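Next come the structures, one after another.
Same chain, two partners: chain A is paired with chain B first, then with chain C.
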Partner chain A sequence: MKRSNWREPWIWAVTVFSLLLAVPVLLIFASLFVPQYELWHHLYETVLSDYVYHSLLIAFSVGALTLLLGTSLAWLIARYEFTGRQTLQWLILLPMAMPAYILAYTYTGMLDVAGPIQSQLRHTFNWTYHDYWFPDVRSVGGAVVMLSLVLYPYVYMLARTAFSEQSASFYEASRSMGVSGAAYFRKVAFPLARPAILTGTALAMMEAFADYGTVQYFGINTFTTGIFRTWNGLGNAIGAAQLAAVLTSFVLVLLLLEKHSRRRLKYFHQGQTHHSSKRVSLSPIKRVWATLLCLLPVLFGFIIPTVQLSVWTLDRVSTQVDEQFIHLIWNSFYLAASAALIAVGLALLFAYAKRLHQHWLLTSQVQLASLGYAIPGTVIAIGVMLMLSAADDALNAFTEYVFDTSVGLIFSGTLVALLLAYSVRFLAVALHNVEAGLQRIKPSMDDAARSMGLSSFGVLRKIHIPLLRASVLSAILLVFVDVLKELPATLILRPFNFNTLAVRTFELASEERLQDAAVPAITIVLVGLLPVFLLTRALESSKKK
Partner chain B sequence: MDYRYTKFKQVMSLKRFLKMIGLVSCVSVASLASAQEVNVYSARKEALIKPLLDTFTETTGISVNLVTGNADALITRLKSEGKYSPADILITTDVGRLYRAKEQGLTQKIETEGANKLIPRNYIDPDGQWIGFTLRARPMMVAPQRVDETQLTRMEDLADKQWRGRVCVRSSSNIYNQSMVAAMIEQQGVEKTQSWLNDFVKNFARTPKGGDRDQIKAVVAGQCDVAIANTYYLAGMASSDDEATRETASKVKVIWPNQQDRGAHVNISGAVISKYAPNLASAQKLISFMLQEDSQVWYAKTNHEYPLREGVKQSAVLRSFGDFKAEQIDLSRVGELNRQAVLMMDKAGWK
Partner chain C sequence: MLDLSHICVAYDDKVVVNNVSFSLASGEIGCLLGPSGCGKTSILRAIAGFEQIIHGEIKLRGVQVASPDKHISPERRRVAVVFQDFALFPHLNVGQNIAFGLQHKTAKQKSQRVNELLALVGLPDISERFTHSLSGGQQQRVALARALAPRPDLLLLDEPFSSLDAELREDLAQDIRRILKHEGTSALLVTHDQHEAFAMADNIGVLREGRLLQWASAYQLYHQPVDKFVAEFIGQGTLLPGNVIDGHYVETKLGVFSMTKVQSAQFALEHSLDVLVRPDDIVHDDNSTNVAKVIARAFKGAHILYELALNDDPASKVLCLAPSHHDHALGERIGIRLDLKHLVLFNV
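Right after this comes the complex of A and B.
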């Protein structure tokens, strides 16, 4: 097998595509070799400390809050029996459908000084503004709450699976040694689930680092808003790329820490083969508390904002839903669908290449290409922009030399740029699903089928396609929804005459037209529910096994 | 023949071959593309300009491609696209941005001979690199029952101690505030402006946040008594289809500052023609179209701005704010002084 490695089309294809996907990020780091002394001096004197402080503060607070929320919810659901548990265990996932920026717009509209709640308070008690205290939504604290409310399901999902996989024998053994209740959680259950919980927390923190919509709207200086400002306000693309490189380094350090924490714990017990412990029944009063506790995050992270958005939508639907809006939906959907198909196509290519040739180069290429998920959309957009404008320049120089005419910008001002950025960012999502599906088809099944006289095409048709269908479909759906919600990269790279639901929501909100923004916003949220249902089903079926 | 010549011939024939392919594809692309078009980068939101551009297409047969976005982002994009940029026209909503585009060498001279007769000279760049379409003012908006109007006749009054904790204004990173301060530097000098800024910032009711509408709403909610905001925001609120918004707008009163001296601060929305505009003639036509009477009426009314063309009627909402005397300064100076204004606002601690 070694002999033919370099002649294999699979390896060539993977090399070409993984390089294509890696170039934008590599360019970001290459920018560090073009020092911008004046810019960094200015940043250092004015806003740099704000960027570092706010980005870290938000990411770590979101990490702590999601860890706390996700783990305690998972523990309650996995360990105890109480009213509504069956329904709550999937209701808890609903905030995943809500992009943080939409949550931020909704709560600002409700809770701002001039919003309905404070106005009503003043009216009812005859207060003036100075007579009472009210929390300020548009603050760092507000941003942390918004982000945590939509990101805690990451921790919850992984923690719940980890908790429910823990075998009953642990609990019995611990109890026989006098460890039960809170001590059992602290000494046994939590340490065992720690790798899963930390992975979830790291994911939530990466998303917090990457957030642009929320912090931009709240007027908080972070790296993502700083990148936009340096690029647009100061007109320094290289400086923006350098800021992006610093932000990316933060995220990569986080990724390494997460990998490291898992490595030390990898030989811990995985109890799938044992019978899992029975859930503990709670006393009536505790039961009510458990139900309420599980209901709260869903209430604030999904139900209240969705109701508010629906009210605004009903109010505005007649003025906002017109031919243009239909066009907007069509744009968003076909963009998201194309991106999903491309990402899943690439994922299939990568996954099959890896299956057919277990070569270190291939494995590391695939790993490199799937790093994009950790990298903020803003960073990827700038990398893609740098890469494609260089490509356009080269192409135009070529056509000018050969044909004495230029062809214009055929990469950077078009959908190619957006599709490339989405592929970089969301390939990992697709790859994760496709690989999980492919793992279920053991190589021995291929051999058996071949020995029974099926051609290799027949194996693909009769075995792989039917068995892979579900995971490929869920990969397509997940990427589709991620693209639909994506804001910063779309904002930077979208071409002429092209708007999406996310950009429209952002534009209306920044024009202080929150009610009008509700119409595209709720469309995103409703479509975003689809993969949540899918995840629920996947969690259910994995539990039944 | 010798080796070098054969090689040369090969290259030549390759070049000719490629050329043929190029020609064929060029012809086919050209036949697909519509005959006439113009590409517009607009900082003005789609809904506020698209209908007018559609009318332009109907009357001239020139199709318009539109990309909307943040003005700075569009300028950066224009710059990074360089000579291959498809953009013909950049429309912005502030003279500061028009100047920024000019300063970065992204513009070319607009044929303004006709325009000179239609709109006041100080709203056209002396070098002809940008041109204004509409005008807006940035007056004070107050809660009438809490503010004694005799105490507030000039912008300078807002530095007084009696306004401590009573003023709402948005962030200094907003270009409208930058232009307002730049205009003040031009008319009052650096020293006076800096000392005004220092005291003015002390009077803020809150750390600046939100947009201009948010400041107006904060006045009505009682968080502050005086807001500084652009006229079209209040006009937009006053003619909103939401009743609560209309009610909010009815609760503030416009105070025109500096009516006895230099006049209220004004700014323009306008456009530049991009340096490498591939459809120069169409771009020029679109600019002339924007100054036609019908376009001025629609554009000014839709955006709640004052038409620049003399003799065109203002909308009813704007008339309800009353007549005012506007600053008479060279707007290109406002662009030039932008950077200094930002530094001085930073120094005063205006977030």
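Right after this comes the complex of A and C.
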């Protein structure tokens, strides 16, 4: 018989915090019960079809492009031996450090009519503006390319792991049955990696749905820009929430796909690897092609934009790096650090509660609270806003009733709102890392330590803390950088006159001061490199095991 | 069917298979037996075409498939492999797995062959199931069915029982032997377990450090091993010191034995030799005047395996497999007699 756990403080803590994190998203769906006929009529007449069309078009195109790019890069790296493969396998991850909106500003600065490339073309061929055709970066196609360039590493990472974990005996068995080369990829390697590839693609598509900075800058009407406009321009919070609910349901479909794929992944993983295949050496010509092919996405997704940003930064560093900029960095860093500590603290609470009490209700609470990674920042921001302004209203009504005075906005419009939104959005990142660390501490280790005379505090100090330290630190770092890069929620929820690097980049770029924007932008990119290095190290060590 | 002559396989200059030759007749089941790292799996992989050979040649049905300058790719050899981890594709169901090698057959031919094989391996109703829901023994049978489906010329089995429970192994080995004989498929098995080898193979090759020491039937390997390594690796036994008398006889503590002509020619000039004594060569006989002291015993159910010291000399030991009723304690002296059918002699 299982003893009822509900007197445990762990359970109560988890219940309270997971509800707190779930409420914003639940409110978004609750908004559907307050009809907004006028707004929807207006939207239907004007931009709604654009929202749906553009959001779906961008998400699916990004999905297709990242799938193609990520899978082929992964197959090349996992399967073949060629010049620079060792270095390229982690260089390919670099674009992850680049937020899509920064890529969008940079390419716009480089490629628009007044930019260096077109100017040079006109100068060289003596053309005027109307003499030639040049692709417009500020288009749906441009947005798809920008997003795909920074999102393909999701697919690449998962696919590469899947390909390199496929047992060599699968390949040998296929060959002995007459199947090799392209047929092997089609019939065995790809179907086996499909759950991993779909998981990666679903994640990339979620990010594409969530993107605000790129589409806003390119002037494309999508759900995220629509939510923003309905909230900010039309001042209709419920309407914004309803749009957010529609966007969220698109994302939830992807979430289901992702969860389903991850379950299949477990089945497919059962074939224990005895030894993985030797990589195939390519002919000299093919080798060059492979190197070039792997280099291209890194070049366009990271190297070229970083060089351009650096050039602009060097140009503007004297005017842009001032007291205000230092203040900006301070704001961003302490906000990101506080958010990271809160998220990891919650993750530790949830992970330990799950470990101590394996109760289905607890597990599903934690799961609900960690769904935020799939929900676009814009949506979370609206949900947090609804929740906190209701809390403020209630509090003020209470103080007016009891003390005959109002206390003003305590929650909304303060950092509390931002920290709550970040916790909702990034808890999953922290939880994933903490749980991975905690999994290595088998319950039998606790028992063994206790049987050797350690108190439970001693177990924590001598076993858990040393073993968990690395994963907790990497969880903090990952959340820190994610918060630093986060744009839409920060934009909506920041207190008046409170700026961060991401917001400042966005503001400067919106004012077409692209070169000035380079200074905060490159700061974000450089800090963003940290988790990429961390990831590289994790991938390396998992291969050695 | 299969002819290996003087093949060598090397990984980065390290020779792992050294000058190995043997042949397998059509329908014959062979086995490569040896401790881990002896090169047996490398030979299998060379035959399948997964490794290249640096010396010698491999022929299948009289056609050369591998030599230092020639390497027919695995998909063109008509050699099937059952892998140690079975390598069943988790994204395909059992039927699709078995039909995987039947690329150029019609759907009807495929399903007919699949059903035929599933019936043969004794799993008639699992075609629709996925492999992760099968037990280890079932997976093994499906892997065998899949390998046999394209009617290969030769079937290779790499440690096919290593991931199964001990109780399952011998049953399955017998079963697989029956299936292979039914299909008339030549097969070569690789294992480190002599019981599996005995249960399945017609002929067994014992390998050590990349060399093939002896290629013979299980009976011959046991009773007429060519050297001390084979003698020790196959079955149990002890070496009893003996002296050569007149160039034709060997004298031991258990009696004098006459050598064969070949042995006389080989050992005439030696003074002392080692005589191989298997547990079944020593018969426990309470009436015997020859007594030995029990220094260790292991209860085996129907039998007890005694380790006995002759003349109280712990250096000259023999093993004796006595019926279980003859229960003797440590230190007791029991009567034995030597019933040697094959005199096996080695240099000291």
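Annotations for the structure displayed:
Definition applied: the second predicted complex is superposed on the first by the 528 of 545 C-alpha atoms of A that agree within 3 Å, B and C clash if a C-alpha of one lies under 4 Å from a C-alpha of the other, contacts with A are read in each partner's own complex, and residues count from 1 in each chain.
Here is the rule we use: a contact is a pair of C-beta atoms (placed from the backbone, for glycine too) under 8 Å apart; a residue touches a chain by one contact, two chains touch by 3 or more.
This structure is a prediction, so every number in the text was calculated from the model and none was measured.
Of the two partners chain B and chain C, more chain A residues are in touch with B. In the superposition on chain A, no contact is made by A:451 with either chain B or chain C.
By the touch criterion defined above, A:126 lies against neither chain B nor chain C after alignment on the C-alpha atoms of chain A. In the superposition on chain A, A:512 makes contact with chain B only, not with chain C. By the touch criterion defined above, A:167 lies against chain C but remains apart from chain B after alignment on the C-alpha atoms of chain A.
By the touch criterion stated above, A:319 is placed in contact with chain B alone, chain C being left untouched.
Of all residues in chain A, only 46, 112-114, 118-119, 122, 128-130, 138, 218-219, 228-229, 231-233, 235, 237, 315, 319, 324, 385, 389, 392-393, 396, 399, 402-403, 405-406, 408-409, 412-413, 491-492, 494-499, 507, 510-512, 515 touch chain B in the complex they form.
By the touch criterion given at the top, residues 48-50, 73-77, 79-81, 83-85, 87-91, 100-101, 103, 130, 132, 146-147, 150 of chain C touch chain A in their complex. Across the complex, chain A meets chain C through its residues 167, 169-170, 172-180, 187-188, 191-192, 194, 267-268, 270-272, 274. If you check the complex, the residues on chain B that touch chain A are 15, 18-19, 22-23, 26, 39, 45-47, 65-70, 72-73, 75-76, 79-82, 84-86, 104, 171, 173, 208-214, 217-218, 220-223, 241-242, 248, 278, 346.
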